[in-house]
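What follows is a group of structures, each given as structure tokens.
Next, two complexes with chain A in common: one pairs it with chain B, the other with chain C.
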Partner chain A sequence: MKRVVDVNIPLGPIHPCFKEPARLKCEAKGERIIGVEVELGYMKKGIERIMKGRPWQEVMFLAERVCGICSVIHNLVFIEAMEQISGIAVPPRAARLRVIANELDRMQSHLLANFSYCYTIEHETLGMYLLDLREQVMDELERLTGARVTCAYIIPGGVRCDLRKEEAAALLASLERMEGDLRRYTGMFENGPMIALRSRGVGILTPDAAERAHAVGPTARASGIAVDCRMNHPTYRQLGFAPVTRPDRDNFARVMVRFDEVFQSIGLIRKCLTDLPNGVVRGRGVCTAGEVRYSGEAPRGELTYFIRSDEFGRIVEIQIQTPSIMNIEACCHEMIIGSDSIADVTATFISADPCIACTER
Partner chain B sequence: MSLLQRIKNKVRARSIHVAYVDVGSCNGCDIEVLACLAPRYDIEQYGIYVHNNPREADVLLVIGAYTPGWEEKLAMVWEKIPSPKAAIAIGNCPISGCLFNRRETFIDPPVRKHIPIAAEVPGCPPRPTEILQAILSVRDSVFFNWEAEHP
Partner chain C sequence: MTTYLFEQDLVTQKYRILAARRHDRLVRQIAQELDIPVQEVRRYLIGHLDMIQLENLPARAEMAEAHADPDNPVARALGREKYSTYLRILSGAAMDAIFRDVSARVHAGTPADDAVRQGRAQIREALRP
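Our next item is the complex of A and B:
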């Protein structure tokens, strides 16, 4: 079929709004966008190829560096998959500490995503407030794990270091402060008339389209689909986890779902800290041969590792499925189509929070 | 030193425009560069502005281990930057390839093979303060008296 295209507009790979290189080729008819294709391939390092044949001690650090923004969840899913293979039990205190680290990481990732969105719609003030709040979350992450990014906190059979009593008290106090600040910033976003003009009704992703594109994470939950791998995780089930959804399906909903999830993460950390069991944080165990497919909920959606290891704990076969692949598909082929202006393309693309480093590995 | 040079030195010291290009990193260094924008580090108080537009940049921050997708493009980006210019390698990846530099990999480090690098900031990832310090050191060593030294 012949398509009438007025102008082809390439965006990227270097673009003021994109954190990472990706190229969007937009087909516009007048101002209306009728088609978008994404061109990837700027970040392909071949991590899965490097991982094969290496001991788990090395693969653990490589897995963390699949994505620098959500490094804790890659660490968590890889280590829990190795624990499933080898039948290693985790002490209850370590299981709670893992949840704390994971939720702090989710908070900083969501705040960064919302900062990017605010920066893209040129609301720089709110963006800077959120980035400042993110620095406080990074401080807490550093206090708990010893590093800001790529902290390698989770190891088979537990976590690397314990949380002292005074550190737990400091964490609780700063959660209190952050929650107050975040409530104010969320109110600014929710009630801002200009933000509503730029965000409400832009980039609609219907539940049917989300299922067709297999959207996951906050992108799917903003379309009213309650998918969240944390519902199947034993520690989260103890904490009474229920996913956050919103029915309104647009850019505004996707950002608000992330704000809601930050509040939810604060609640989960608080619950972990109030009844933190006593005991050791490092158990015992040896990684052995086996094969497993294991999923966890990354800040952007479902993350799956398929691992086959040999008797010495070396990785023979590994496949990683990251959430951004599906979300970029949903974004380019469902959300952006029919946008009223080229300015909405970047905003819609950023609202799906694509992570190119994850996607290409 | 001529009067014009003195004015240029004074103005240039408070106006450094930065573009960053990710040539295949894990994103960890990208977000540490973004964190420099945060009010805590406040990169703009030193007169450093992040625009991410190579045509108006003075300093190019190169992040990542040089993947095949960037083979001709990184040099093109470097050529688009007007002189005087400097490139800073952020993180271990552009220096050595870090832990991606193994058998079977696609990357081709170090980046200094492909474009001239003025400063290197090791770390996986480096802290925002270290990135800030590197940009400030390049400002003093590369841009100071540039016209007098490059007639």
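Our next item is the complex of A and C:
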């Protein structure tokens, strides 16, 4: 898209505040941003092409590698899609363990996103506190699954390994400690006057604009839209899940929704652990031929897999719609437009928790 | 001479986004609705939308379908909201002008199908380079 503009300010592809490379070409009139063009392609993996024609046993490992930050949900959505195609049932204990793994993953992703935001607005102290907390969550994820990032914990018909009683008790104790720390850090963010100056009323995303761009996850929920795929998930329904929303629509609301959701995740994990059914963690079943569109709630929002498999469980066709596609689009073409300062562009972009690895796949 | 990656032409990358299965299905649907060759729709989209807008096209099209006004069949058939507000391939002002013409024709007694067909021809003209 070649256009002649007043002032074109390129941000990225390499920028100290971006976790991954992307280029935003900001069109400015004075300090006011009147347009943004996004250039991607710096970390394209072509993972959907690699998946095609491979058996599900290989694709489940590839699915996790779409994104290093939210690998558990890619694992979960792919496996649940294959289970839906093949009519495989999951034992109740395994279903609860899946929720625990998913919520731990959400906690670490939200804490990392909020760290990035604090780092961007130059509140490094709070950022480092959050990063320290994230490490503790990663340790808990390792306790449950045996790995910190690409866990491959969820398999068709259940999970790879069980959680022992003493490990469950240790996880509960750790959650107690983390909740206390997080309450303190959330208070620091909520009551910080300088943070409010940089965050409140900045990067407004109206509900209409969010709906048009199909914004999802905390980005949409911070604009007052109660969308969450967990509301349609049978295990989450049993746990009485209800989405967290805020009406403020700005950067502050997006960060606060993520903090609120970390508390919510702690509550969900506690419920699962105190009410963990007895029984096996691996059911039976064979992956077969079929076609499905299946969505799950990733930390950043609705993650959808479109899958067609053959009778041997090979993936014939696959396409992944990640939440960052919608959220980055909403961010760059709705939230950033009209920003009063170029300094707000990075903060607003980071507040939408963009994941370029997910977007480019 | 050194050439930087970020200064290169993005047409190939944009084309690859549009060649994905869901995107291709949508492009073909637009081409069929507006009676334009598929290649021209692709060329227009590549020229007017950035990479993230292209990536998000199917999601936006789904939202357009879900939120199309059921009480206004002419606007729905013309794709008033879909092509302007959601897919953003036509400006709101241009689409409003076309919709006003179509509504006027319907009020003047032209069958709705014919009026919509003429409206689509106007959209086609507006998209022409």
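What we mean here is this: the second predicted complex is superposed on the first by the 355 of 361 C-alpha atoms of A that agree within 3 Å, B and C clash if a C-alpha of one lies under 4 Å from a C-alpha of the other, contacts with A are read in each partner's own complex, and residues count from 1 in each chain.
Throughout what follows, contacts are C-beta pairs under 8 Å (C-beta built on N, C-alpha and C of every residue); 3 or more make two chains touch, one makes a residue touch a chain.
Nothing here was measured: the structure is a model prediction, and the numbers come from that model.
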- Query: Here chain A is shared; do chain B and chain C fit on it together or clash?
  - Reply: fit
- Message: In the superposed model, which partner reaches more residues of chain A, chain B or chain C?
- Response: B
- Query: Of the two partner chains, chain B (first) and chain C (second), which one does A:Leu62 touch, if any: first, second, both, or neither?
  - Reply: first
- Partner chain in contact with A:Tyr42 - chain B first, chain C second, else both or neither: both
- Based on the superposed arrangement, let me know which partner A:Pro13 touches: chain B (first), chain C (second), both, or neither? both
- Task: Figure out whether A:Arg148 sits in contact with chain B (first) or chain C (second), or with both, or with neither.
- Result: first
- In the overlay, answer first, second, both or neither for which of chain B and chain C A:Leu131 touches. first
- Quick one: classify A:His214 as touching chain B (first), chain C (second), both or neither. second
- Task: State whether A:His333 touches chain B only (first), chain C only (second), both chains, or neither.
- Result: second
- Item | chain C, chain A and chain B - angle at the middle CA centre, rounded to the nearest 10 degrees | 100
- Message: If we overlay the two complexes on their shared chain A, which of chain B and chain C does A:Cys355 touch? Say first, second, both or neither.
- Response: first
- Note on the structure: In whole Å, chain B and chain C in the superposition are separated at their closest C-alpha atoms by 5
- Message: By the touch definition above, which chain A residues appear in both interfaces, chain B in one complex and chain C in the other?
- Response: 13, 41-42, 44
- Query: Inside the complex, what are the residues of chain A that reach chain B?
  - Reply: 13-16, 19-21, 41-47, 49-50, 52, 58, 61-62, 65-69, 71, 112, 115, 128, 131-132, 134-135, 138, 148-150, 355, 357-358
- Please name which positions on chain B make contact with chain A in the complex. 19, 21-32, 34-35, 37-40, 51-54, 64-65, 67-70, 73, 77, 99-100, 102-107, 124-125, 127
- Counting only contacts in the complex, chain C reaches chain A at residues 5-6, 10, 13, 20-22, 47-53, 55-56, 58-60, 62-63, 67, 85-86
- Message: Per the contact definition, I'd like the list of chain A residues that touch chain C in the complex.
- Response: 1, 10, 13, 23, 37-42, 44, 48, 211-214, 306, 317, 319, 321, 325-326, 328-329, 332-333, 359
